[in-house]
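Same chain, two partners: chain A is paired with chain B first, then with chain C.
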Partner chain A sequence: MQHPHRRRRRAAVVAVAFALALTGACSVPAGDEPGSEESGGAQPSASSGTQPGTSLVVAESEPGDLNPGKQITAYDQVMALYTSLTDVATDGTVTMAAADSVTSDDATTWTIKLKDGWTFHNGEPVTSSSYVDAWNATAYGPNAWANSGQLAEIAGYDDLNPESGKPTTDTMSGLAVVDDLTFTVTLSAPDGQFPLQLSQAQTGLFPIPESAFDDLDAYNLQPVGQGPYMMTEPHQENEDITVVAYDDYAGTAPLTESIVFKNYADTSTAYNDVLAGNVDVAGVAPAKIATAMKEFGDHFYANPAPGIAFLGLPLWDERYDDVRVRQAISMAIDRDTINDVIYGGQLEPATAFTPPTEPGTPEGVCGEWCTYDPTKAKQLLEEAGGWSGEMVVTYPGGFGLDELYKAYANQLRQNLGIDEVTTKSTADFAEFAELRADAKLEGPYFSRWGALYPSQQNTLRAFFVPGGGGGCTNCSASQPDEVVDLLEQADGQVDQDAAIALYGQAQEILAEQLPIIPMFYEKYMFVTSDKVSDFPSSQGSPVWSQVAVSS
Partner chain B sequence: MMRFVVRRLLELVVVFLGVTFLIYAMVFALQGDPIAALAGDRPLPDSVVRVLRARYHLDESLWQQYLRYLGGLLQGDLGTDFTGRPVSERMASRWPTTIVLALTAWLLEVLVGVSLGLWAALRHGRLADRAVLLGTIVVSSIPIFVLGATAQLYLGVRWRVFPVSGTQDGWPMGFLLPAACLAVFGLAAVSRLMRGSVIDAMSSDWVRTLRAKGLSPRRIVGVHVMRNSGIPVLTFLAVDLGYLLGGAIVVEGIFNMPGIGQLLFAAIRAHEGPTVVGVSTVLILIFLVISALVDITNSLLDPRIRRDR
Partner chain C sequence: MTVEIEPSVTPAADGSVVRRGVWRTLRRRPAFWVCLVAVALLAVVAAWPAGFGGLFGGGDPYDCDLLESAVGPGPGHPLGTDLQGCDIYTGLVYGTRTSLSIGLLTTALALGIAFLVGTTAGYRGGWADSVLARVTDIFLGFPFILGAIIILNSTGDRSVLTVSVVLAIFTWPTMARIVRTSVRQVCDAEFVAAARAMGLRSSRIVVRYVLPNALGPTLAVATITVGGVIVAESTLTFLGVGLQAPSVSWGLQLASAQAQFQEHPHMLLFPSLVLSVTVISLIALGDMLRDALDPRGR
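For the complex of A and B:
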């Protein structure tokens, strides 16, 4: 009997990694760098004011938690409801959003001044306490809010998250209110990237109004923010979320009057609904790019994102010890052809260890080692003593990655002359993560990272600093000491140019040692209905408040 | 008779305990930590993981977890998911969609399946019969996700006959297409079962007797044949209702219907033990109760079944 509930459980899986990576941006452009306070519209489309009667229907997955401290799958909704302190544009420009200035002399103690006149959707003024209280609640261990880790660098975080037992305090020593619009943040170690950490997708750093603490369960269903849009009723599971323009919003007024976030379990259903004109915006799974480009033309968008895909190397296997073997693997893969064939040419072959939307990424640092050259690749492998045994290219199943990893395997087989290259997919991501954590993968493997805040620090830490990303789901199997040292030095710089120079030096070492192979810079892809006349994005994600619709 | 009923109900209890434990053990055995997987490839801080593991008793052994679960279950508590929402509440919001979808599909099976089967049987061996046989084989051998996606593309996106997805158009328009896709397999089975029983009955001695007595063919088929060949078909339809209520994971996914199937699918993917077991438990209960009822009814209708025991 082929009754549906016995049938393929995994049939509808399209792309969780992809969906999880859809961390968006709600940018409110202003000023030009931390410390300045000039404001002005930077989006090309920013015409004045909200167009009455306009609405936008956006396909999303069921959001789960909405409290910004807890949410992990509701970036788009939450970023429409709040405005971050700072904003980092796709080109890496850092601007002040809700903050008036974020300054420090020593990269350890930071003074944050808020812009005056901002209010929450319930009319409550936004004060420095709105931030301090929110951050303390998010960091408080027993609350177990998912975004707690975003505050881990603040002095006193450890007191709220002791190794065992209950914390003895519920406030971080590093946070101090100076006046209504000013507070100071002391970090446990110097970090010049702090202003970038305050940017649009780090929802754990958003403010929460005082009134919310009376009933946090209610707040989780109807978060009250200070952003361009507000919710008018609590979210009910399975129901769409409608947000409407907040009249007293202190930033750049949103263009569209209301946005409906509609739940879809299956991205191809959402895609079909955009085709039929029932939905205005939907994300596109990588496997569907070619079709989407053909069917949507101008209304297909590929936005450069702060994500990068690597090919991980099982450095616990001594056959990969020789750098020439690693170089050979990298040079045997024709990134351009794979990009054209599988992704319709929409991705970008990677030439550095961080995505270019992160300020100062030294594009091209990987040089010839990231350039396709099958002859040299084969020669390098021979010099290193050739290859013996199997090479099992492993990736998590159910995310539409099969084509990509089969292509890698084919090219390694053909270009390096290794007969025993095979692919293996795990049942799901959890199984893959466990195999990776236990160092049980038997060949080059899936590895990627989407940065929550676009700084080289974020991507490099996730891969090369032990415990830096909070775990080692994706990290490089080798974390050279000199790279760790350089990253620490870079973090200590208040001056962004000095930091960038040091991150660049770290990347040069990585290019020499090639512990992990850069493959593609990621993009977040969308299709829109004809109704959408302008679809600006920041760091890959749509800037919801500045999306323009006709009528 | 009473003994049979008691025995059947005892069996139900044993099967119920066995199956819920099996499912619990299987979810437990899935690789990977469900809490760590909550945030996808973005790791949660250790302190958060620790608190959540303790909160949802994931630090206990399989037996402890299962017994705790069973204890709750006996008090009507299906547990909570990993974000603290009660599983029963999550299911409650989804039942209406699934029930309407299942009943619509079931109705289609009854109406279309029975008529097709009867029609084919009465034209036994002729072109119409062959066509029905062939048609049902072809349609029911198309994988449901292909059928669903194709139907959606043509009837929904291209020709705009039905809505592409969602339940916002209400019954019947919002439910017809997914229900039809869901009904296809059962419908083929029903029509063939019906065809077979009617053909058997038509060639039986008692029908010959009825004919000899001069009853009109209409009366023979409409009253006597239908009543006798109805039993296997009704048995199948009853059991099938249990399957249909079991949530149509694929169809609900394709047509974006917020039903039980979608909940189960999402929960399996997230390794969310309490939700998977909670949903499965209710589905198993429905299925077990329906089949017990069917068996008991059948034994009432047909004394031979009782004697076999």
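For the complex of A and C:
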């Protein structure tokens, strides 16, 4: 494993199923257009509360850790058990969930007021200490909780994670309890995107009740949250997890009374079980998209997700120094046809460096450089002095990416007239990450990012700020200084419009230099049984409490 | 995959009697000719893929047009195209060389080890025999597919050579046993005793008198092994641990067709058909050879 810090990953059945072995940010792209029932996200539908006797069976893989500070493969379960402070819809609208307000004048000190009357599943009231204590525990280096990195911007985080030795304190100086329902967070640098960071997939920022600290191992098996659903018994490895509606939930009551997260080792088995009617929801692997569209019709969903797929460029190889070579590579790839053939037309060709679910994404910024034009591509390559030698397109094996990268390679070979374009898949993700870290990849390579909170900040940081994604498993090999500067300026803006303008400027520079090639905006894809009558999603992931079933 | 047989050869000083008898038996069987023609055709295709690949207009297995993805059989593409728009017929033609190379290379490697081990064990006898027999047992005890998957998964670059070597590691023991048995039988023959009495060196006796007589039954099994190895290679490649792109192989074609079977059955149909015909021909040929060598087994 690489450092667990700042791994961002969206919760999605697809992501979990495919990305188990992929460390952190590297789940596999899934597919496109929303299904017939596009949803604005987590907004409560005008419902009549929990329908007694209803249940939903969801195909999952073994979740591992369930403690929100530790989990990296249990997003669906944990997001059903807890409610985040803020909530972000697919269109990027931020609403307050468990928080009453999140405010700041300078983007450095944030005041978070909680809604009154919330309780954990064990009856314990949710107070500002529930957050402060949880965050301190998650950030505490010796605990080694995987989601620690989500708190790295809070002042005092470094004290809990010294480079060597044991930390001398176990609390972050940036967290202060004001009263039962108010606390302040001081960041080490201004960050206007903080409210987005408090949203539903950043599980490292969830509260933990006081009683949990008596036995954290037990808590990891049966987390007690303040969300719409609760667990009634501890999880046993490789067993299904059943959650039931929490009667005293202070938010919008869940529609379905219970959800069973059923354990599957294999996605195609899960898919077949949805067909057979044994399971209600399952993720769809890329190779199955065309079949799933046909077999499920209206019950096939492609949710726009905050993920984006790039084609990385080995800029340590001087043959890629000329921007015209990079433009030629980008223009030689027919994204539309690849999308049609390999993803059943469900993805969306990328025209910017961040996915459109991240507010303010300047779609089209990549312009003609991201538009298929084989003639011009060949011409640009010739102007740059042509090509000599091999080009080995490399990607991690075992994630169903073979057809996609074969298609890239075929198009580069044919449209650029380079005979020696081949593909190579590594044995697993670890091998790929090692080759990438050592700059030993011999051609364009796999690169993608699924953001945990939908802000351009998240995606751009991961690729273009040194150390921004917690290591660099598939980041851009070039991180221009002017982009780093602009991102820092953008982060400092309290006003979202000002921030967006600056992120946009950074993307314009990226489009000019093209250090990495935008390929596809991702979608997380699901199929559901006929029983599921409404399947709302937010940022790609299903909003479990608002999934409606007919009984 | 391979079948153990009880060899029963009429020992002859130069093996000529055996060969003539075998040939007379074989040539009367029509099935033999069918299989032989099939195998010969495959050999020619493997030797000269460029000539066959271009017959219908294609000719380059890497010439794939995504816009012609997954079209069914038709003009220009007699067997249709795969998901990437590559001509399936051309892929099959070029895959023949890969499959036969692996089959032959693996069998040759395995045969080499088998002769070395089998002859030493059979001719020397005593403790050498015991030790080698146990080593053979150990290798036979490995579950073949599991062993191959483990080794191949830990090798970075999987080329025709590496796959062949891994497959050979698991194929030699059966043949080594057969060689040993044959050698033991020949060792007791009078002409070997005579050669010893004349004071010939062991190496000369083995090469000149023992091996030629032990060769027949082993070659029959080797023919069957070639077929078995081709299947094994396709299986491993299908599972994603065998050959990798940019190799062109039937296993790779099958692997990528697997997910498309419901939508585009032709992608899976033709490669599996060719694979089946090849393997059946080779195995049937080996089987008939064995029958001819050992009439009792019929």
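Here is the rule we go by: the second predicted complex is superposed on the first by the 505 of 551 C-alpha atoms of A that agree within 3 Å, B and C clash if a C-alpha of one lies under 4 Å from a C-alpha of the other, contacts with A are read in each partner's own complex, and residues count from 1 in each chain.
Following the convention adopted for this analysis, a residue touches a chain if its C-beta (ideal position, glycine included) is under 8 Å from a C-beta of that chain, and two chains touch if they have at least 3 such contacts.
Since we're looking at a predicted model, the values are computed, not measured.
When the two structures are aligned on the shared chain, A:P362 is found in touch with neither chain B nor chain C.
In the overlay built on the shared chain, the residue A:G227 is in contact with neither chain B nor chain C. Contact with chain C, but none with chain B, is seen for A:S425 once the two complexes are overlaid on the shared chain.
Contact with neither chain B nor chain C is seen for A:P68 once the two complexes are overlaid on the shared chain. In the superposition on chain A, contact of A:N410 is made with chain C only, not with chain B. Put chain B and chain C next to each other and count what each touches on chain A; the higher total goes to B.
When the two structures are aligned on the shared chain, A:G92 is found in touch with neither chain B nor chain C.
Shared contact residues on chain A (touching chain B in one structure, chain C in the other): 398, 427, 431.
Those residues of chain A that touch chain C in the complex are listed here as 287-288, 290-291, 294, 334, 337-338, 341-342, 397-398, 402-403, 406-407, 409-411, 413-414, 422-427, 431. Residues 30-34, 36-48, 51-52, 55, 83, 85, 90, 93-94, 140, 143-145, 149, 152-153, 156-157, 160, 163-166, 182, 185, 240, 243, 246-256, 258, 261-262, 264-266, 268-269, 271, 283 of chain B touch chain A in their complex. Chain A makes touch with chain B in their complex at residues 1-5, 7-9, 11-13, 16-17, 20, 62, 64-65, 72, 141-146, 148-149, 152, 161-162, 236-238, 262-266, 268-270, 272-273, 275-276, 278, 398, 427-431, 433-434, 448-449, 452, 469-471, 473-474.
Considering their complex, residues 62-67, 69-70, 83-86, 153-154, 156, 240, 244-246, 256, 259-260, 262-263 of chain C touch chain A.
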